[in-house]
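By written order: A, B, C, D, E and F. Residues from 1 in each chain.
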Amino acid sequence: MDISEIGRLSSVRRDYLARLAKEGKRPDGRGFDEYRPIKIEKNVLRNAEGSARVKIGNTMVLAGIKLEVGEPYPDTPEKGAMSTSAELPPLASPEFEPGPPKPGAIELARVVDRGIRESEYIDLEKLCIEPGEKVWIVFIDLHVLDYDGNLFDASSLAASAALQNAIIPNERYELGENEPLPVRKPPISCTFVKYSDAIVVDPCLDEEEIAEARFTVALDENGNIRAIQKGLSGSFTIDEIKNNIKRAQFHARNIRKLLEEENGKKDKES
Amino acid sequence: MLMKDGLRIDGRKPDELRKIKIEAGVLYRADGSCYLEWGGNKIMAAVYGPREALPRHIQDPTKALVNARYNMASFSVEERKRPGPDRRSTEISKVTSEALENVIFTELFPRATIDVCIEVLDAEAGTRCAGITAAAVALADAGIPMRDIPVACAAGKVDGMVVLDLTSEEDKEGEADLPIAIAPRTEEILLMQMDGHLTYQEFEEALELAIKGCKQIAKLQKEALMKKYESFEEE
Amino acid sequence: MDISEIGRLSSVRRDYLARLAKEGKRPDGRGFDEYRPIKIEKNVLRNAEGSARVKIGNTMVLAGIKLEVGEPYPDTPEKGAMSTSAELPPLASPEFEPGPPKPGAIELARVVDRGIRESEYIDLEKLCIEPGEKVWIVFIDLHVLDYDGNLFDASSLAASAALQNAIIPNERYELGENEPLPVRKPPISCTFVKYSDAIVVDPCLDEEEIAEARFTVALDENGNIRAIQKGLSGSFTIDEIKNNIKRAQFHARNIRKLLEEENGKKDKES
Amino acid sequence: MLMKDGLRIDGRKPDELRKIKIEAGVLYRADGSCYLEWGGNKIMAAVYGPREALPRHIQDPTKALVNARYNMASFSVEERKRPGPDRRSTEISKVTSEALENVIFTELFPRATIDVCIEVLDAEAGTRCAGITAAAVALADAGIPMRDIPVACAAGKVDGMVVLDLTSEEDKEGEADLPIAIAPRTEEILLMQMDGHLTYQEFEEALELAIKGCKQIAKLQKEALMKKYESFEEE
Amino acid sequence: MLMKDGLRIDGRKPDELRKIKIEAGVLYRADGSCYLEWGGNKIMAAVYGPREALPRHIQDPTKALVNARYNMASFSVEERKRPGPDRRSTEISKVTSEALENVIFTELFPRATIDVCIEVLDAEAGTRCAGITAAAVALADAGIPMRDIPVACAAGKVDGMVVLDLTSEEDKEGEADLPIAIAPRTEEILLMQMDGHLTYQEFEEALELAIKGCKQIAKLQKEALMKKYESFEEE
Amino acid sequence: MDISEIGRLSSVRRDYLARLAKEGKRPDGRGFDEYRPIKIEKNVLRNAEGSARVKIGNTMVLAGIKLEVGEPYPDTPEKGAMSTSAELPPLASPEFEPGPPKPGAIELARVVDRGIRESEYIDLEKLCIEPGEKVWIVFIDLHVLDYDGNLFDASSLAASAALQNAIIPNERYELGENEPLPVRKPPISCTFVKYSDAIVVDPCLDEEEIAEARFTVALDENGNIRAIQKGLSGSFTIDEIKNNIKRAQFHARNIRKLLEEENGKKDKES
C-alpha cells in the first residue's frame, strides 16, 4: 500500500482479489480498463481564486487555487511561479494522521505538479507584473476529502479543473480588474496498478492495498507524454509499460472530453 | 455604518441567522460525517471511532478521549494560509474537544479515542460555531451515544446593538462577539468565549439571543439527520 | 485537569475534596469566594522593558515586556502591534515538559492577550513610528515559575503590572529618549472552577485537578466584560454564568485596588 | 545550441555515457559501501543491516523493510542547500527505496530493516540514477541477498534528439528527462520517472537507449565488486 | 579602555567578584530550588527527581540520568530572544549536565532521571557559571546525594591583564574567557571551556584565579543552604 | 560515550581495555601519545568553494566551504560572517540517526567554530562588500563519512584544510574575478580522553566508548591557546589539564607541518 503505509488487507481478502483478477474481474465489478464514474464540480468555493471538487467513485478531492504576489526565481525573472501541495487530512481516511506531509503526500503533490508544469498548462509568461521584482505565484492546494484509491488521477483532474476557472485577483492587490488565469490545454493523468498479473486502471482502495506496482502518466491533448511516475516495489516489463501508455492515451481522451463538457457548461452559465 | 433602518448590511434583521444548509453522511470512509454551509462558510466534518487510542500511554482506562481537530484549508481565506495548525486553530481544537466531550457517554468506551475532524473549506466568520455544529451532526451520524446533540452559535454587538450570528465585516468592525455552544435540551453552556466590550446587561441580552439561535439551528441538525435516515431506509 | 493534562489525583483525595465542598469548605481553608494572598512586585528585571512577578498563593508568574521595531499589519498601518506568549517550563511543575508550547500554554497566552487587547489597555495608536513602515511591537512574555493553580489570573495580573512600568526603548533604536509605554486602565481577570456542584474562585492545583469546568472573565474598570473563556468539558447553567460574572465584578474591584496601590508605591519611590 | 555536428556540448555522442568510476567497500563502519563518480557527480553510499527495525511498531513480521535515504550535502550544489530533507529528496528516497526493495530477498529477514544511505557530495545532473547505482553496489558489498544488481540511467531529449545521460545544462535546457532503474538480467523496470515532452515514438527510443546505458553501467558495477573481492583475497 | 588605574570599568579589582546573592528553597513545587543574583544575572534553578526516566528506552539500568536544561527567558537579553532552545543553549545544557553528573551518586538511582532546570531571567555575562552554581544549590536543597557541591566561575583576559568574573563588556571587548566548574573539595575540573587568546602562562594564571573565585562562591552556596535549614528549623 | 549516546561496550571489552591501559597499551597498539595516520586531501569537490577530506585512522570527515552574500551583523557592519555546521549522517555509523542535529553534533560544530573564530583564521575584515549592507558569509559544513572516534580533530583539520583552498566566488555574483579566500594561520585541534587513569591522544571509537572525560584544545602557530572544550562527566585534575596542553603543543606542531606540506604540494601543482 502506498499512501497510508498501514492497514494491510487480510490474506483471505487478498486471495479473493487475486482469484477475481485471474477471472478478469475486479472487486467492484468493473473491467480492467474501466474507470469508476467521474464527477467534476467547478467553482465550489468563494475565497479560493479557483476551485473544483472531483469524485472518482468514492474518492473525493478538492482543489483550491490561491494567487499571491511574490518575487520571481532569479533564473526566470519574467515568469510567474507555481507551487503544489497536498494535504491528506485525517478526515479522509482512518489511516491518515495529522502532522507535516508524509512521503506519500509529497509524492502525490510532486507528480501532479510535474504534469501541470511540463505540459505548460499555466501560461507563466503572462504572470509577470514587474520583471525581476514581482510576479504572480500560483498555489495549487489539494485537499483530499474521501480516500478510496487513485488519488493521483483525482487530484490531477481537480487541479486542472480548478485552474480552468481561476482568476487573477488584481483587485485585491490594486492592480486593475480581475481577469481569468491564462491557461492552455490541461494534462490528463492516468494511473494503473498491477496485482496478480493483472494491470488495472483507476484502482480502488482494495486494489491499491494489494498492488505491487503503480504507473501514472500525464498526457497532453496530442497524447504526448509529459510526466511519468512509476511507484511501489513491484516491476513492469518494457511491454507492460508501453501498453500502459497506449491504454492511457485512450482513457485520457475520454476524461478530457468530460472536463471540456464541464467547462462548456460553466461558460454557458456565466 | 453596519446597521441601517434596523437592518444589517446583508439585509438581515438583528435576530436573524444567515442561511444554513446541513447534510449528514456525505463521506464514504468516515464513520460519520456532515457537510455544512452557513453563510459563506463551508465545513466538512468527519468522525472516526470509538477506536483504540494510540500510542497506548495516552489511553484513559476510565473513558474515551475526545479529540477534535479544527483545520483551515489553505485556500479557505482571502490571504492563503500556510498548511498546518497555528495558535488560533490549536485553541479552537481544544475548546471544541472539551465542548463535545461533555455530551458523549465517554465512560462506555474506556481506552478508546473518538476523533473528530473539522475542515474549514471556505471561511466567513463564525467557523468555530459552524465546526461544532457540523461535528455534532457527524457524531450523531456515526452513532456515538450522546445525551444531547450540541449546537453552537454566536451573538455580538454591532453599532451599539446586540445582533445574532455576525458576518466577517460585523466581526471585524463590531464591538463584541460571543460564541457559545449549548446542549439544547438543558440549555447548559458547553462553550463560551467572548471578546469585545459588553455591559452586563448587553451580555445577558446577547446570551439569550445566541441561545435562541442555537435552538433554531438544532432543528436543522435534526432535519439533516432525519433526511439521512430516510434516504437510508429508501435504499 | 487543564494545563498539564496528566497526574490525576487519587480517588481518595478526590472524594475528600468533594466532601469538603459539600460542607462549604476548600482544601486550604478558604471560603468559596476568597482569593489566596496576592503579591505583586514590579520592575524586577534589568533587560526587560517592563517586568513584574506576581504570586497568588504558591503560584508564581513572571511577566517580561520587550519592545521591537517592526512592520505594522497592512490593515492597521498607523498602529503598533502586540503579541503574547506563555512558557510553562519544566522548572515550574513536575508535569511540564520542554518543547514547543502545548495547547494549554497557547490557550493561556491567547486568553491573557484577549483581555489586554479588548480592553485597549495598550494605546497602540501611540506606537506608530512611521505610518505603514515602522511601529513598535510589544512582546508580552509570561514565564511561569511555580505552578499551584490559577495561571490565568496570575498571568493576566503579571502582564498588567509589567506593562504599567514598561518603557519605550527609544534610545536603543536611536529614536530619542526613552519614555513610558502609553497604557490605559488594565483588565482584571477572574477565574472560577466548578467541582462537586461548588463554584470557587482562584482554584489551587488540587482543585484544578478535579475541576469539571472553568470560567475566566476579564473586566474593565467599569465592571464591563472584555473577554470570557469557558474551559474544560463540564458545563455551566445560564444562571451559574451570570452569577460568575457578578462575583467577578466584586473580586476585580479588590484586585484592581491592589494593583493601583502597587502602582502608587512605585510612583512615590521613583 | 546543445548539439553541434551531431555531438553534445561536452563532446559526447548522443548514446555516450559520461565518465563513471565505481569503488566498492570504501567505508570502515558500514556493512557495505560504494563511492561513485559519474561526470561531475560524487556519491557515497552505505548499507547497514539487516538489523532489527526500531521502533518495533514499524516492523513487518513477513519481511525486511528497505529504507533508502537520499541526502544532498549542503555544499554539493552551486547555491548552498540547507541541511536536511526537502520535498525533492523525500520523493527520491521513496522511489529509490521501492526500486531497491524489488530485488532484495526481504522475506529472508522478517522484522528487520535494511538501511541504505546515499550522500550526494557533489552534484551534476542524474544524482538519483547515480545514487541507485551506488546503493546497489553497496548492497552487494554488504552481502545482502539480491536476485539481481539494480542499475539506473537516464535518457532524454535535447534539441529534438534523444540522447543518453544528460548533463546539468542538457537537463535544464533540454526537452525531456527519463530516468529509469532496471534489473539488468530481466530488463524489468524498477523505477521510471519522466518529465518533459516526448511523443510515444520518442519515448520508446529513449527507453531503449536508457536500457542500453544501464547495461553498460552494470558491467562497471560488477568490475568494482570483483576488484573489491580480489583485493580482499590478496589481503 | 577596560582597565584604569588597576581597576575595572565597574570599579572592581582584577581578582574581585561581582556581587552575588544566593537563596535556597524558593519554589513550592520543585524538589529543590535556588534563586541566584550575580551581577546583573538573575537565575532560577529547580531540581526534580530522582524519578522514573521516561520513555523507558532511555533508562540506564546502572545509574540515574542527569538531565540539565539551560534556558534563557525571551526577555532576559537586550534583543528579545525567540523562545526555545538554540545551538548555544543546547551546548550549555550538555556541558552542564556532564559537570553535574560528576558529583552525583547516580548509581544509587538506576532507571531514574534527575532533572535540573536552569532559567536565565536576566542575563549579564557568565550565565553558564551562574546556572551551574545555582543548580548545585538546588540539587543540595533537593537532598540529592553528592560527593561535593559543584561551583563555577570564569576568569579572563582584559586589556592584557588576567581578571576574575567578566562583565558583558569585558567578555565582548576582552581577549579571553575561561569558564570552569570545579568540585571545590578536591579542585577537580568538571567543566572547562575557553575562547580567546591566552599564552600558556596566562592560562595557568587565569585557571588559578578562577579556582580562587570558585572557592569564594562555594562559601556563599553553603551559607545559603545553611540559612534554608535554619529557617526550616525555626518553623 | 559522547556523540552517539548509545551502544555501550560490553563489560568484558571494557575490562580488557582498562587492563591494556594499565600496561601502557592501547587497543590498536599505539602509544598514549601517538596519533593514528593522518591523511589530508584538498580540493576534492567541484561545487564547493573549498573542500578537504581528512582521514585520521578509519575516521573520515569531509569539509565543504560555501560562500554567500548576506547582511553583516549590526555590531560588525564591515566584517564578513562565518557559520559552522556538522552533519552526522546515518551513513557514517550504525548509531547515527537522521533528523535535526543532536547535541553531540552541535557541540562538535561549535567547538570547531570557536577554534577558527578565536584564532582569527579567516580574515573577516576583507570579506566586506558594502559596509552595513553586503558581506560574504562563509559556511563551513562538516560531513562525517566514517566514524571511528576523534571527530573533533578530524573535523577541525578538514575545516582548516578546506578553508586554505577556498575561493571567493565573485564571478557567480558578478563582483569581478574569483579570488582566494583570505586566511591567516589555521588553528590545530588536539583531543585527549581519559579512561582507567590513562590519558590518551586521538581516541579511537573503542576508547571513546569507555572514556570518562574528554579534553580538546585548539592552538595557534605560536602554541598559544585559542579554544578549549572539556567534555563528558569525568573530571581532570589541574595538573592533568596543564599536562594535556603541553602534550597538545607537541602534537599540534606535527599536524601543522603535515597541513603545510599538503598546502605546499597544492601550490606546486597549481
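By definition in this document, contacts are C-beta pairs under 8 Å (C-beta built on N, C-alpha and C of every residue); 3 or more make two chains touch, one makes a residue touch a chain.
All of these numbers come straight from a predicted model, not from anything done at the bench.
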| item | value |
| --- | --- |
| Count of contact steps on the shortest path from subunit C to subunit F | 2 |
| Identity of the chain that, by mean CA position, is farthest from subunit A | E |
| Repeat of the A-B interface, chosen from A-D, E-F or C-E (over half of contact pairs identical by residue number) | C-E |
| Most distant chain from subunit F, judged by the mean position of its C-alpha atoms | B |
| Rounded Å distance between subunit C and subunit D, as computed from the means of their C-alpha atoms | 58 |
| For subunit D paired with subunit F, centre-to-centre distance based on mean C-alpha positions, whole Å | 31 |
| Centroid spacing, where centroids are CA-atom means, of subunit A and subunit E in whole angstrom | 58 |
| Where subunit A and subunit F are represented by their mean Cα positions, the distance between them in whole Å | 48 |
| Successive chains around the closed ring, taking subunit A as origin and subunit B next | A, B, C, E, F, D |
| Interfacial residue positions of subunit F with respect to subunit E in the complex | 103-104, 106-107, 109-110, 114, 117-119, 215, 220, 222-238, 241-242, 245-246, 249 |
| Subunit E contact footprint on subunit C (complex, rising order) | 44-49, 51, 58, 60, 62, 64-66, 68, 85, 87, 89-94, 98, 100-101, 139, 141, 143, 145-148, 172 |
| Touch list for subunit E against partner subunit C, complex | 27-30, 40, 42, 44-46, 48, 51, 69, 71, 73-80, 83-85, 115, 117, 119, 121-124 |
| Residues of subunit D defined as touching subunit A within the complex | 66, 87-88, 90-91, 93-95, 97-99, 101-102, 178, 183, 187-200, 203-204, 207, 211 |
